[in-house]
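Take a look at the structures below.
Consider the two complexes below, in which chain A is the common component and chain B and chain C are the respective partners.
And now, the complex of A and B:
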């Protein structure tokens, strides 16, 4: 629905129940501060240290994701960033689509893709095998050699 | 009497009707508006990158070969320049987001939002001066 903005001096009507827009507003700020740390840490480790982007491959990611520290770093990053981004897109959809059906369709697609990617991403982080059986050993992280 | 009233009304309206464009405001066309525009555009761009990035990382669950084939495309020169644009967008969105928080929760920030805008620009330039040469050396170097 298109949001209607009351005039600044309109009397405030208190509605019953949870004020979801307020908590969304707070979420953007709290997650934003945490994301600054998580994303700049992510970019620094992946793009600045060592050979940067040239060093990124299965062995690099496998090595990182076999460490619980990076598993939880990436999980937190996934959830905070995708929900932050989704809520921002919801604001933009509400700002620019005034047709009720278009508005609801876009928000439905947004919500669906967000849920699918959250589930997919979380499953990948916690179920993937850094040393898959039968894979060429030169593509695997160094920890696989010790097994 | 009616004529006099009409005359008065005309004279008070006259200065306003002469203005062709809206007078400068605190917001329109100034730092406040442009930081809002930049925040929106960078936000949408980062959102769509995030969708792609979750999917490409999910390939670690498929096979080492599949992941390496896709991540390899991130290392060509065009994508390397795209990564500079990505970091530029993230840097602007992050720093301006912190500016928004300072404006929301701190009265000094509200009053000096324009100073904070230029602080964002300067910090962003420092960030990009630190990142860009290092990254381009990785992309174009051997």
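And now, the complex of A and C:
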């Protein structure tokens, strides 16, 4: 009497490869939370502490970018925000372009500009010279005097 | 019961004599499309005499029966259960049989059109097949091939039943799916209604195939396309918290079990 009923349909065969759509979704959630901390930390340090927005000049930025802590803070900010933003743009492109060629072209341009901006930005953060030779000393950060 | 029945006619009589309902003229602008004549849908306006307690469905009936017999729309039970008459009323997906005239601003004309995102067939009728196709994809039936524990029944506690109570209310009217901006632009997306009906079985303790359904919805066109715009929750005539149900399915996929 003990009857076992077979499943009505053959079990689906799992697709091979990484589930990009899922990881994209998780990335948006995780990076979103981290970005809230990074962005508000960035804004607080640049605009609230000390003289506020009036303190912003070459010396201020140069000083910040010569500190490894801020170098990595800015690198993280750059990568997380840029990929977060371009993934959002990818969604919008998918929403509004139905022509396959236009869709692929726009997404290609988006991917290319993202890569270029990431490389350029990272390069600037780590190769930035806060004390260019021959610059007027009153514009340079205080650390330059020691050199 | 007896006291209620005795009281009822007396109260009704008082109300009827004191304030007879005032009827007024309502303008409906309906998006018409006759595939045999029209190239493109066109808007046509109708003036109908309505009571505040009438529904949009009554207005459509009045137009069809008294003014223009060619007006086409679906309706079956006319009481918000069959899910046939979902349409876009003043830009929002509603059941025509549950939308009262008094809840709308009748100083303006009322715009009525077919739900979006599904192929338009005639006037307010769309082809529901793509909608039902994605509904069938999620296997919306109880799959229980294992033997029940000691005995013949699969017992379920009140708490176990409560988990998926909300999603059992779906009447498949397509108001949610056809209000979803992702579905408008990408017909491959399963859509809220299919996910709601998958949710109903994924979280059912008697069901054995949750992993199969989670795997189906983990697809490229599955739950990850949802971007929580809450249009579906707003549109649902049964008050199902659709977006929350989708979020619960997402969490279940990440956990790997319901």
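Simple rule for what comes next: the second predicted complex is superposed on the first by the 133 of 147 C-alpha atoms of A that agree within 3 Å, B and C clash if a C-alpha of one lies under 4 Å from a C-alpha of the other, contacts with A are read in each partner's own complex, and residues count from 1 in each chain.
Following the convention adopted for this analysis, contacts are C-beta pairs under 8 Å (C-beta built on N, C-alpha and C of every residue); 3 or more make two chains touch, one makes a residue touch a chain.
Keep in mind that this is a model prediction, so the values were computed, not measured.
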Message = By the touch definition at the top of the document, which applies to A:111: first (chain B), second (chain C), both, or neither?
response = neither
Inquiry  = Going by the contact rule set out at the top, does A:94 touch chain B (first), chain C (second), both, or neither?
reply    = second
Request  = In the overlay, answer first, second, both or neither for which of chain B and chain C A:81 touches.
outcome  = first
Task = Would you sort A:41 into first (chain B), second (chain C), both or neither based on which partner it touches?
result = neither
Key: Larger contact residue set on chain A - chain B or chain C   = B
Request  = State the interface residues of chain C toward chain A in the complex, per the touch definition above.
outcome  = 139, 141, 143-147, 181-182, 185-186, 209, 212, 215-216, 218-220, 222, 224-225, 227, 250, 253-254
Message = Quick check on the complex: what are the chain A residues that touch chain C?
response = 2, 4-9, 11-12, 14-15, 19-22, 24-26, 91, 94-96, 98
Request  = Report the residues of chain B in contact with chain A in the complex, numbered from low to high.
outcome  = 40, 43-44, 46-47, 50-51, 54-55, 57-58, 60-61, 63-65, 67-68, 71, 74-75, 80, 83, 87, 90, 94, 97-98, 100-101, 104, 131, 134-135, 138-139
Ask   = Can you list the residues on chain A that touch chain B in the complex?
value = 29, 32-33, 35-36, 39-40, 43, 47-48, 51-54, 56-59, 61-62, 65, 78, 81-82, 85-86, 88-89, 92, 113, 117, 120-121, 123-124, 127-128, 132, 135-136, 139-140
